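So that we are looking at the same thing, I have put the structure below in structure tokens.
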Amino acid sequence: MEISRAENRIYSDKELDRIEGQVIEELRQSSQEAIPDPDKWLDEEIEKNIFLTTVDAIINWGQRSSLWTAICFPACCAFEFIAANGPRFDLSRFGMEILRASPRQADLMITAGTLTWKMAPNVRRIYNQMAEPKWVIAMGACAISGGIFASSYSVVPGYNRVIPVDVYVPGCPPRPEALIYGIQMLQQKIAKKSLARKG
Amino acid sequence: MTVALSGKEIARQLEEKFPGSTVQTDESSALVQDKSLLQTADFLKNSPELGLNYLNFVTAVDYFDYFEVVYRISSLEHNHWFTLKTRVYDREDPVLPSVVGIWKGADFQEREIYDLMGIKFENHPNMKRIFLWDGFPGHPLRKDYL
Amino acid sequence: MLIHYGYIGLFLIAAVLFTLLMVVIPVILRFVGVVPSHPNAIKNANFECGMETIGRTWVQFNFHYYFYALVFLALDVLVIFLYPWAVSLRQLGVSSLIAVAVLIGIIFVGYLYAWKKQVLEWK
Amino acid sequence: MALRTEPFVLNMGPVHPSTHGVFRMRATLDGEVVLDIEPVFGYLHRGVEKLAEQRTYTGFIPLTDRMDYLASMSNNLGYCLAVEKLAGVKIPERGEYLRVIMAELQRLASHLVAVGAFLNDCGAYFTPFLYMFREREKIVDLFEMVSGQRLTYNYMRIGGVSQDIPEEFLPAMDKFLATMPGFIDEIDRLLKENEILLARAKGVGVLSSENAIACGVSGPVLRSTGIKWDIRKADPYSIYDRFDFEIPTGEAGDCYDRYRVRVEEMRQSLHILNQARKDIPEGPVRADVSHLVRPPAGEVYGRIEAPKGELGFYLVSDNSIAPYRCHVRPPSLINLTPLREMVRGWKVQDLIIIFGSIDITMGEVDR
């Protein structure tokens, strides 16, 4: 089996970089203002019949008690999140047993770390590839507003420029208890979800 | 204790070898012409009693009317270090010879200098941006970058 | 005597129904609207660490993997026969032991051949 | 027989469970054999060096925490030493001892995560990681007692440390120093002759010592090739010349040696901590240096032995309250220079181990 190529490369890396550069520039131009948070439906009142409420209750209980997280671990908050998953703070008490490496098997994205413009298209692509009932927790000051690096030339001021965020957990990095409190608030939000609403 | 090689001593040796290469010396650094950078670097690395074959770091500093590129080299056996500096005066298209042939460790660091400061390095194997994306306007670490 | 086959028939029906149900439930739930389904182009694209794939991905793979599959298949078929035999060994008696020994012998000759030809070695 | 197979390109992209952050490799693979990789950086480039020019000398310390977020104390120590060298500040004895204690505890915590991640890449999915995190939580408790934060401590100041340790710190550290050697021996007994780890890591990703020196590699990766070079011994900073400890080195420079060097270094750190614990003096912890310190114009290069390697700060000051230029020597980025040669010809799973054994933190690589 002899494959001998001097450069062993079958792509022109300059070309690939140029295309990626364009994608990043377009995203940077197009996401100047924040995406509104998806919680308008929280305060709408809808009529409920007995059948719908029991189905809602079962489905919401099922979904909120086994939130699997997609990995989106750029920076320091990643290690507070791993510590939260670790033996001491043990997120698996909430059914968040496994960190799923692929977005297909995940329904919650915890964005643990600073988002830079070069990383933004990838995060949005991961979010789009997650299955439908999906939520986002923006963990840490960098995720909420760019945090300590907000004045930098290559940092996105907050994940809500790129993906809709459900729960914001402040802190730099937030303590695992703060993250668990954020997850509990997300669970309360899921509990209010209903099939009657479009959303 | 890591000993700092004296700038004068090294400058004297360099003057012998390559007359007119050193412009100015400090107590532990020498400023050389960018034309004779490769010769001096090669000499410093391969001379037996100096043996400066370990490149600590390469960085560039923007002094408004010139860029100063600092090579901090040291030798692990003799446990001494030295700083080699060059200056580039042209601000639109600053170019320097690349030292990747002499110290392989300069590969990523020179790309970083090109990416953030804008100094191009000739016959560097992979001269393109390392941190920022391709279409990024300008070089952020320059003093006149807003 | 016939009644015994009745039980097997019932068991067969239950098995088929159960598997079909597992396949059909998501389709029903999606039809009823419980399971949200918003397919779009990016979601259907394959996941490669958050990036688009580079170049052609339908490439001709190394032939070596085929040998692994072949050897696995041979041993796996052997296991299918061993399970029912092992469960009811006491009733079947010694004659079945000889039959299974012959079966294992044949498979073992094939495995030995593959071993000698160093098919599973990876350069 | 000539087999016609086509190489294809695989993105070991920014979102990958075992790239220790957002590192990306464009790997050209032929089946499973790696023909060539092209590392792509910059997914966590936050422009720390540009931000340094807009902050005062003391204001930059929180940013150093977030560069190598697994070794924040070492970053603080490296930066503060460089500024003190420039400004010529004398640190009181107790401050020096506290700094050494915090730096060595941080080396332990960083090596625990490094060894855990390496075993995680070897295939032991997450079990060793959780054991290492259980021990790391004890160290993080000590740091929380001292600085109030779990990960980014901002504990050291120019001229010493920000505040003295509470009185329950030393007893807690004694308890930790009593139990930790037992844990390290337990790991060692389990993994030293573990044939799975030997089969996976011995002789994989060999880095020769000449190549290591040529690439400017430092830290455990350099020592694993057999070169006895540790800045705490070769160029002792703060009070490291008062402690005696050995420098563990490997022989072949492969993944197994890098793992061995890190485990031995954990033992040496415990040895230093015991000595520092015994003769820590009383007294002030911080020289009275104003928060808006103005070092004289000039330049300095201060370096320390961080857990990842030689972490250096090249500071140019023009006698103003903000540094004119602050370049950080990133040991993780420079340790990645020989990755391309080390990986060629190995299979994909070996690529993951070789990359994991170099132990980088993306905050420091991309700065």
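As written, the chain order gives the labels A, B, C and D, with residue 1 at the start of each chain.
The definition used in the following text is that contacts are C-beta pairs under 8 Å (C-beta built on N, C-alpha and C of every residue); 3 or more make two chains touch, one makes a residue touch a chain.
These numbers come from a predicted model, not from an experiment.
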Remotest chain, subunit D as reference, centres from CA atoms: C
Whole-Å separation of chain centres (CA-atom averages), subunit B against subunit D: 26
Subunit C and subunit D, separation of their C-alpha mean positions in angstrom: 46
Distance from subunit B to subunit A - Cα centre to Cα centre, in angstrom: 43
Chain centre separation (subunit A, subunit C; CA means) in Å: 36
Interface hub residues of subunit A, defined as touching at least two other chains: 1, 10-11, 13, 16, 118, 122-123, 126, 153-154
Contacts with two or more other chains, residues of subunit B listed in rising order: 129, 131-133, 140
Junction residues of subunit D, two or more chains touched: 3, 5, 7-9, 13-16, 26, 30, 42, 45, 47, 50
Chain contact topology (line, ring, star, complete or other): other
Inter-chain touch pairs (all): A-B, A-C, A-D, B-D, C-D
Sites on subunit B touched by subunit A in the complex: 128-129, 131-136, 140, 145
Interfacial residue positions of subunit C with respect to subunit A in the complex: 33-38, 40, 42-43, 45, 47, 49-51, 54-55, 62, 123
Of subunit C, residues touching subunit D in the complex: 48-51, 53-57, 59-65, 122
Subunit B-touching residues of subunit A, taken from the complex the two chains share: 13-14, 17-18, 20-22, 24-25, 117-118, 153-154
Subunit C-facing residues of subunit D, complex: 3-16, 24, 26, 30-32, 347
